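To keep things simple, chains are lettered A, B, C and D as they appear, and every chain counts its residues starting from 1.
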Amino acid sequence: MGKASILSPLKAIRFLFQKPLTLRYPFEKKEPAPRYRGFHLNDWDRCTGCGNCADICPNEAITMIEVPAIEPEPGNKNERPQLDYGRCCFCGLCVDICPPGSLRLSRDYFHIHFDTDTFVFVPKDEKKDEATFLPAEEYSILKASLTHRKRDYEGFSPDLDFALFEPQRVPMPQVSAQERKQSFVEMVRGYSAEQARSEASRCLECGLCEEACPANLRISDYVKAISEDDSEEALRIILEDNPLPAICGRICMKHCEDACSLGLRGEPVAIRWLKRYAADTVESYRETLRAELPAETGKKVAVIGAGAGGLAVAYFLRLKGHGVTVFESQPAGGGMLRMGPPRYRLPDDAVKDDVDYIASFGVQFRFNTAVGKNVQFDELRERYDAVFMAVGTHRSYTARIENEDRALMALDFLNAARVGPAPDVGRHVIVIGGGNVAMDVARTCLRLQQMQYPGQESVTRAVCLESWEEMPASQEEIEEAKEEGIQFNPAWGPKGILLEQGEVSGLECKAVKSVFDEQGRFSPTFYEDRTMVLEGDMVIEAIGQGYDLSFIPDHLMESLAFTERRKVKVNEDGMTSVPGVFAGGDIVNLNMDAVTAIADAKKAAEGIHKMLSEH
Amino acid sequence: MAQISEIAGSGSGRELELYFGPQHLGMVGNFSITLKVEGDRVLKATANPGYLHRGFEKLMEYRTWIQNFPMVCRINVVEPDSMEMVYAMAVEKLAGIEVPERAQYIRSICLELARVSSHLFGLWAYSNMLGFDTPAQWAMYHRDLVLDLFEELTGGRVYHIYLWPGGVRRDFPKGFRDRIVHTLHSIGGWVPDYDATFFNNRLFYERARGVGQLSQEQAKALGATGPVLRATGMKFDIRKVEPYAAYDKVDWEVPTRQEGDAYSRIWVVRDELIESVHMVFKLLDAMPDGEVYNRIPNPFKWRIPPGEAYVRCESSRGELGLYLVSNGGDKPYRVHFRTPSYPHGLTILEKALEGASIADVGNTMISLYVVAPEIDR
Amino acid sequence: MIASLRTGLEATFKGVEVTDREDGMMFVLAPGESIPAVLRYLREHGLDHLALVSCVDWIEEGELEVVYLLTCYMRNNTDYGPEQRRHVLLRTKLPRESAELDSVIGIFENAEPHEREIHELYGVHFEGHPRLIPLFLERGYEIPPFRKDFDTRQYVEKTFGAIPPVED
Amino acid sequence: MDRNQITKWLKSPAKMAHKYSLHAVYFCTGCGIIEIPPVITTRWDAERFGVLPVATPRQGNLFMITGYVSLKTLKAIIRTYEQMPDPKYTVGFGSCPINGGMYWDSYNTIKHLDRYIPVDGWIAGCMPRPEAVFVGVTHLWTLIDKGKADGYLRYKRYYAAYRRNQEMLFGELQWPPLYPTEAEAEEARP
């Protein structure tokens, strides 16, 4: 207890000379902290419409509303979050889960209104939305509301270190570049159960990948099954839409991973490797699927080509009870998959597994049977109720340069390297082309060089018209090729193959001015005076392939319609302009990959089934 | 309804029923007490909670583990951080999540700042109740300064949603340490003024002495914890007896008093406030550098293995416990908060008000440090 | 001491199961009728702080589990040794349809509001409780609201969704 | 005070009096109340705006519903509101009274406050900051000026509907209707 004195109250006099504690509002404004959690901001350009914010919101304050002005594309839904400030609790979970980091909270917090409907708001970015966000001089605190806000007033913003998702993927165990270029051993080793589980559990289940996948696989579902350690369930889900899991798990072009919203600020979920994991862990596909074949319908379908499209259509039609016969000119199934991708990417076992699985449903295979040679196309049309052709693109394009006849063709080379006895390669090989096939060729070549000239100097060079940025091969392939020691010469066009005493001695190249014209069409121009000579004893051309439809008789060829891009035209059922003839795969679509072929096959199988059930 | 004349003339031994709250100036929080009075003596008091019942524990069973985070802090609006802490601790225990060392320090600092703000709020409520307007105004001002710190650290003034499983949600901003020190120094500089106007004030002594007195035996039997128990002489503080966060890393004292009445309880609060300020300084000095967050699993796929846990921490009001049951799902199976105000505001309050005068009802209630939303949940 | 508590409990009461956990938590499962006696025994053996009484609805098993959580206060105002540093979780399982239990107010006075709450939110009847009147709730509910078969989202839609806006 | 203010003041002295003496009922209905003590004390000092807490609803004309409203509180709110003298203004605080907020699926809190009593203005936030309360008060002034803060009149006009909604929740209410409902008005007519 203090000593009481009559003078004690006089101590209070000193407060007269102190600055008052009261804020002289509104003249003396107190700005909210830089991290303040106020109303939302959303950058519509970065927002993918994935809907994770709506999923995590504990109050269901966020609804995804469709915005017709936005063009939906792979990896971007035309939906944007709408906030209800009669629900929102400003917790910021939506900010921490937002994969593109488009959703942020501003420091604005004023909205006072007599109408509750005004509390529902679709946030936009302050940079774009000039009607709502005003610069400091036009902004007035007395008018402040959801539609009268201050610009440059960002508050709580996303931080990758504190995000609720894991931005880094589980690294795929790989054989080192030094080791792998010695042989055709498969490059990736595959996930262990633990790795697969933790990779699968990164998925946020937004479903953007499913829309991007040509075959619309239920990706979220099977990834979820893997995260729950149920790879059988995962495989069952995959097999519903894709009969080639082991193949697609290795060489799929993974449109899904490009669309994955996690890829925007981190790495996408390794969907392809997870599919590979599911296919590799399960012992027997057939038991997993537990599918009973329906009763035979008695209808028969001929399939030309045992590639991805042909195999898939056979599978889907068998599951509907139709009889299927597959005609294939090669001695085994797989088509382009069997001869194209090198073994270090797609081992023979994987192809065999998938082909055997499809054969196990009772699909008839006629190998070594080329349509047009061993059996006539018209005959097939007569004997079968429907014909599906997915013959692929087997004819390599050439660059039309001097002495082009001395160059090897990519597909012949790959096929030989894969199926037949390994071809002899030169010590200094030049590969022309910058696509994925060119990468396959170059890397195959490198391996053969390592095997044929052990311990000696050998080199593989790649020449392509495109610059590093424009190169059509996937970034991953380029990186791996670089690691293995392929020497790239981007932005050089081939001029002619140089001969010395009848032997190939090198490639003369000219510098590229531009590859595409103003409309974005392929139309290269060169600096004719700037040339370079690459020395080499072998040249392989890998600049693209086309199809060969010479097996189709002329009278039908006339009525067969093509698209502007010289592809076979099909309707929504997958049927060509010739009734009863369906098509799919590389001869139809522009993607020219396995999963699109499967998508075509699925569409065509539905179409064939529809046609067969009608008659 | 009692008429004024009846109440005035009730010295004759007539019993009346008086409704104290929820709309009453002497009531802090949405709470109500039904008093049976004779004259101005309370014969019997019946606490009547439930005005703030939201069914939290039921709602949490419907939300995933991470969605519950914005939820838990709303149980106690005065001191939300200890609610977050206890939930984070329980989840970490069940899910086996490690917390980085620096995060433990930040958590402790956060909790102590929250204790400071909560005690200042209590001081406001109590001095305001007794008519000491000046210290009440100061206390509320100083609490606001602490809230400014929280705003800068967490982005929220009142609800921070900052202590997460696996650590804390963001690291200290640049220069934040200095601002904590500055703010706490400026609050500390006012302690002599608080003492002169309030704590050493004869009026406060006369008004609070002997009010709501509890013996230690009574306090123990009724489940008292926190300042209410410490005012009866027991050095019982969860931070000491079962240390969590970084409380075992620094030296500090548990203030106690012996009398067990309102006066000693408020003094315990004052001493704790000062001790907390000192503790923040010590924690800031000892705080290591490093990570502050171990990433939790993907919230959409997060399942916690079956099990149950009881964790507790010391909120500014006493023992705050959480009994958490998981059945292996993505949501809690059962959540039950053991809030300190629950025994204080229901059992002890009823007991302490027996025989008290009407003028002391609010006095007793606030000195017991009752926060209504904690009771109702 | 902890071991002796365990053997003591098992010897004194029939049908009591005791399990220990590494973190100092002890689980005691007792039949409903012996709950007051076990609580009294535990209290006499140093566990003098009833932290909370809770209830869990195990709907699949058809049981309501009433949980008593006991901890220790300090000895002599300052001592808190390993003997005190333990939590005992006493539980009993009751059939959901006829959940009845003896009140323990006589042993721990602060159980009173807890029992009222459990009665209100779970529908467990406590025999001998002086006032089992509603604690929190204003409306009556057909199913006690904390039971698992009470779906609050459905209830909200039905009850609050039915109330129309007043104007326009 | 400039000339405009004076002319306004002379034109409608009653309105000005209502505007600048908003006496708030001291009722802690929900968690938003935690921001009221700062508002009325030193730092923010709402008394500058004429906002002052008063002890009883009979002296108040501003009712701040601070946050979620449980059923038990709603009963008290209705009784308190009906005790306030006209003109009276209500302001809803934060998300919860607007559309349920955090407790949108709670069995014990109401979701739309304006279905039970009239509300003149809403302040967004969880919870609103003191500045937002001030801006809310200035907005309320404008509404009073324009005659738009007419909740008390609407309560009278639509009393039957309000009472019906209240009774849908609570069953028969223990207190008599504040205004004659339609049926009674019908009866009273000669």
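Just so we're on the same page, a contact is a pair of C-beta atoms (placed from the backbone, for glycine too) under 8 Å apart; a residue touches a chain by one contact, two chains touch by 3 or more.
Note that the structure is a prediction, hence the values are computed from the model and not measured.
Asker: Along touching chains only, what is the step distance from chain B to chain D?
Answerer: So the least number of steps between the two chains is 1.
Asker: Have a look at A-B versus C-D and report the one with more C-beta pairs in contact.
Answerer: Looking at contacts between chains, A-B has the larger number.
Asker: Report, in whole Å, the distance between the mean C-alpha point of chain C and the mean C-alpha point of chain D.
Answerer: 41
Asker: Where the centres are mean C-alpha positions, what is the separation of chain A from chain B, in Å?
Answerer: Comparing mean C-alpha positions, chain B is 54 Å from chain A.
Asker: Can you work out the whole-Å distance between the CA centroids of chain A and chain C?
Answerer: 55
Asker: Could you state the distance in Å from the CA-based centre of chain B to that of chain C?
Answerer: 23
Asker: Hunt down the residues of chain C that sit against at least two other chains at once, touch-wise.
Answerer: Residue numbers touching two or more other chains: 136-138, 145, 150, 152-153.
Asker: Can you pull out the residues of chain D that are in contact with at least two other chains?
Answerer: 42-43, 70, 72, 102, 104-108, 112, 114, 126, 129
Asker: Could you list which residues of chain B touch at least two other chains?
Answerer: Each of 50, 53, 55, 58-59, 62, 70-71, 74, 141, 159, 376 in chain B touches at least two other chains.
Asker: Each pair of chains that touch: what are they?
Answerer: A-B, A-D, B-C, B-D, C-D
Asker: Can you name the residues of chain A that touch chain B in the complex?
Answerer: 1-2, 4, 8, 11, 21, 32-37, 55-58, 89-93, 96-97, 105, 155-156, 159, 161-162, 164-166, 201-205, 224, 227
Asker: Show which residues of chain D lie in contact with chain C when the two form their complex.
Answerer: It is residues 70-72, 75, 104-108, 110-112, 114-115, 118, 154, 158, 161-162, 165, 168-170 of chain D that touch chain C.
Asker: In their complex, what parts of chain B are in touch with chain C?
Answerer: Residue list for chain B touching chain C: 49-50, 53, 55, 57-59, 61-62, 93, 216, 220-223, 229, 233-236, 240-242, 256, 308, 310, 312, 319, 321, 323, 325, 333-334, 336, 338, 342-343, 346-347, 376.
Asker: Given the complex with chain B, which residues does chain D contribute to the contact?
Answerer: Where chain D meets chain B, its residues are 25-31, 33-35, 37-38, 41-43, 53, 55, 57, 68, 70, 72-73, 76, 80, 102-103, 105-109, 126-127, 129.
Asker: Going by the contact rule set out above, which residues of chain A touch chain D in the complex?
Answerer: 21-23, 25-26, 30, 32, 39, 58-61, 84-90, 109-114, 116, 119, 141-142, 144, 146
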